[in-house]
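Chain nomenclature is as follows: A, B, C and D, assigned in order of appearance, with residue numbering initiated at 1 for each chain independently.
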Amino acid sequence: MEHSTAPTIGASRDQRDLVSGILVFIIADLIVFGMLFTGFMVDRSKELAVYNQSANTLDYHLGLLNLLILVTSGLCVVFAVTAAREGRLTALRNWILAAFVIGAGFGVSKAIEYGDKFAHDIGMHTNPFYMYYFALTGAHFLHFLGGMGALAFIWFYSLRHAGAPDFRGKIEAVGLYWHMVDLLWILIFPLLYVLGLQWQPCP
Amino acid sequence: MNDPRMFNTEAYFRYYNPVLSNESYFKYWRVCAAMGPVFLAAFIICWGVLGSNIPPIPADFTADQLAQHFRTNYNEVRAGMSGAMLFGCLYLPWTLAIYKVMQLINRNENDIVSTLQMWGGGLTVVPLVTSSVFWLTGSYRPDELDPKTLQMLYDQGWLLIDMFYFITTIPMVCIGVAGLTDQRAKPLFPRWACWYSIWAGLSFLFELLMPFFKSGLFARQGWLNFWVEFVVWFAYILIITFFTMKAIPRLAKEREEMLGRA
Amino acid sequence: MNDPRMFNTEAYFRYYNPVLSNESYFKYWRVCAAMGPVFLAAFIICWGVLGSNIPPIPADFTADQLAQHFRTNYNEVRAGMSGAMLFGCLYLPWTLAIYKVMQLINRNENDIVSTLQMWGGGLTVVPLVTSSVFWLTGSYRPDELDPKTLQMLYDQGWLLIDMFYFITTIPMVCIGVAGLTDQRAKPLFPRWACWYSIWAGLSFLFELLMPFFKSGLFARQGWLNFWVEFVVWFAYILIITFFTMKAIPRLAKEREEMLGRA
Amino acid sequence: MEHSTAPTIGASRDQRDLVSGILVFIIADLIVFGMLFTGFMVDRSKELAVYNQSANTLDYHLGLLNLLILVTSGLCVVFAVTAAREGRLTALRNWILAAFVIGAGFGVSKAIEYGDKFAHDIGMHTNPFYMYYFALTGAHFLHFLGGMGALAFIWFYSLRHAGAPDFRGKIEAVGLYWHMVDLLWILIFPLLYVLGLQWQPCP
């Protein structure tokens, strides 16, 4: 093994394009959620009354609160990624921490909401609307937990590896993922909480 | 690279093994990898078409409707399940080929994820084969068994194959994780395939809802828990086979270069 | 042989591992190999004689005839199945002993076939043990279960143990293939034993017809699919154990020579 | 590792006695087929009418054609082995090719025969004769497929390894196996196709 040009396996990738990789994950996820949304709309059209009636039992204030929480938390991540690009390490960490703490509010609000449903003996089998309600918000909640884990990971990771060449890729991947969690709620909220309100159009 | 100590010694001996010609070193790898598509084709024909599992008999059929199926098509089901129990075992050599490639993805990684992949893939044979025996039992004496018993057997086969998914999720996530550590300029498993593999494995979590429903998207015949999940799994098998096959000649070339300058 | 590079390095470290004394190196090998005949004897007694599976209760018995058997001999069946589920697990250490010997058959071969052998043999425990639970269930409350349910359970046990044969075929073929690559003047596994092993594994393909028949040579009690196939399998266990046992002292001597002149 | 006599594991076997090895395979196979033939004769004696009647529905011309195909193909392999012994490489390859091409005719004729049976809804369960018919010809067909694979293998193998010391053993093993396929049909043909013709003995 004398001095020699490194064969291909030795070539280290400076830019670990995590970002383009995680896009596949996000796109696959969005396709399945898209299918679920379509399924919801198709099934809803068959039993409009049941869906609207059930939707009215949801507290859309909580849904809206959740929307604000996730969007704000997403904004913090945007600032964190910007800070990372500019090399401002302390700012980066603080923004991540802020995104995490604000995001935690979503967990609290969801726990209250689910607790209320269970207290009223409402579950997936109550009717088709609630099947979709628990499936969509439950799947979203698992994504949310994954995202919180990713935020925590990147915060601890930044303590020791902020200078690593692949750090930028990692934080951008986490950011993208968190925006997807955000985006999904932006789609779930109107479908589940708002459609059923049957607002009269303005005259 | 200029320092031999840069090799993880385990990986060093995996590659730099001068007695083994490249031919011997990579012997059987391709045959084992090819067992993936063979398994898939045979499983679709035997388990799926002959066994009437593609699409499944809906969970909201009455026991009599289901019994009618077994009492009419018993010979097809017997043939299909015999074939499924034979070809299901081919998941094992396929898993082994992936294991071999995974060991060489990154010589600075230990073999935990590749070993987990091997175990998860090997144990995947268990639900694949044992679930078939429930359908086979139903088709063995369809006229003497009570319709409710036939229904129970058919349900049990589906509950076993669907709900043992996590043993298949483990290798799927492992392949993705290992593939992402690849330091090559052009990785053996492209990033998108790794992320697809991870995502596909996790998407099986929807099966958690399968026992709660007899109809709708989460039932065994539902568009999500059957059509989407099985297509996702079949695609995973084809994608991973493709890149495993493509990785073998590349690894052979790498090894040759390494031996040449030893 | 005069050049250290002549060693397959993997095999080199398997053999030439100066820290391990010969005693430590081959420790447990014989015990594991001896588990083959122990398994066989116990399985014949427990599963076969006590459990009334040698010969099987014919598939063309009526449900009442079969129920009569369970209601009379439930204690024997319980004892037999408890024993079969215990001793069936000994197939695993036996498989491991063969794996160890297979790794040293030919240092110019990679470990694909030996690994497949280990996995196939290890997973053979699954049908051996899980099929017994169906018979055991039948013997647990034989008076309360319907005759047709008892019949279904008995059928299911047989369908599982007979139709999961391919997981056992894989190690049988692997042992044969590996043994045939042996370069020794007197091979560890003689050629005839290797070919027997391959043939025996492939002969199990007759089981493909078993679910289609209740009587005749292909039924579970038929002379071909029961007497021939089980004798072939039992003989395989004895033959392979014999040559594994004989291989261990030879390998120990080879290693000693190698260490002595290193 | 200085100069030393090689231990046993280093001794390479110049003569890989594949031939004596494969004989075990062939003998085991013949024993099982022998059992099947005996089973057939015993069961036949119990239901002579059914067996003879069913046997008469078989086309013995096709059976005879198959016999000729396999014997001719077997003859080509004999020539191939002789050519191998005498080192005539091109002749060897041509004879193997001829054996393969002629042998393929058996597959075609079998496909026609099976197709005809299935078209008439005849299967293993039709009666005991057909159980044996499909079992014997089916098991033989699998052996035939294995033999065709072996012929193809040895042809490709001869392109690169004809000079290898173990080549003679390999081709002789393939030849022996192919003769077994041949021999089995010589036994199956009279049992299934001819016995049932109930030829009157000459006066």
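Everything that follows uses one rule, which is that a contact is a pair of C-beta atoms (placed from the backbone, for glycine too) under 8 Å apart; a residue touches a chain by one contact, two chains touch by 3 or more.
As the structure is a prediction and not an experimental result, all values here were calculated from the model.
Student: How many angstrom between the C-alpha centroids of chain C and chain A?
Tutor: Taking the average C-alpha coordinate of chain A and of chain C, the gap between them is 51 Å.
Student: How far is the middle of chain C from the middle of chain D, if each middle is the mean of its Cα atoms, in Å?
Tutor: For chain C versus chain D, the centre distance works out to 29 Å.
Student: CA centre of chain B versus CA centre of chain C: separation in Å?
Tutor: Going by mean C-alpha positions, chain B sits 25 Å from chain C.
Student: Can you check how far apart chain B and chain D are, centre to centre, with Cα atoms defining each centre and the answer in Å?
Tutor: Inter-chain centre distance comes to 35 Å.
Student: What residues in chain B touch two or more of the other chains?
Tutor: 75 - these are the residues of chain B that touch more than one other chain.
Student: Residues touching two or more other chains, restricted to chain A: which are they?
Tutor: none
Student: What graph shape do the protein chains here make by touch: line, ring, star, complete or other?
Tutor: Line.
Student: Hey, which chains are touching each other here?
Tutor: Inter-chain contacts occur between A-B, B-C, C-D.
Student: Where on chain C is chain B touching in the complex?
Tutor: The contact residues of chain C facing chain B are 5-11, 13, 63, 107-110, 112-113, 115-116, 119-120, 123, 126, 130, 148-149, 151-152, 155-156, 159-160, 163-164, 166-167, 169-170, 208, 210-212.
Student: If you look only at chain C, which of its residues touch chain D in the complex?
Tutor: Chain C reaches chain D through residues 1-4, 6, 107, 180, 183-186, 191-192, 194-196, 198-200, 203, 205-206, 209, 212-213, 216-218, 223-224, 228, 250, 254, 257-258, 261-262.
Student: Using the touch definition from the top, list the residues of chain A that touch chain B in their complex.
Tutor: Against chain B, chain A makes touches at 1-4, 6-13, 17-18, 20-25, 28-29, 32, 35-36, 39, 124-125, 128, 131, 135, 139, 142.
Student: Which residues, counting only chain B, touch chain C once they are in their complex?
Tutor: Going through chain B, the ones touching chain C are 13-14, 16-21, 24-29, 32, 75, 78, 81-83, 85-86, 89, 92-93, 96, 100, 122-123, 125-126, 129-130, 132-134, 136-137, 139-141, 144-146, 149, 153.
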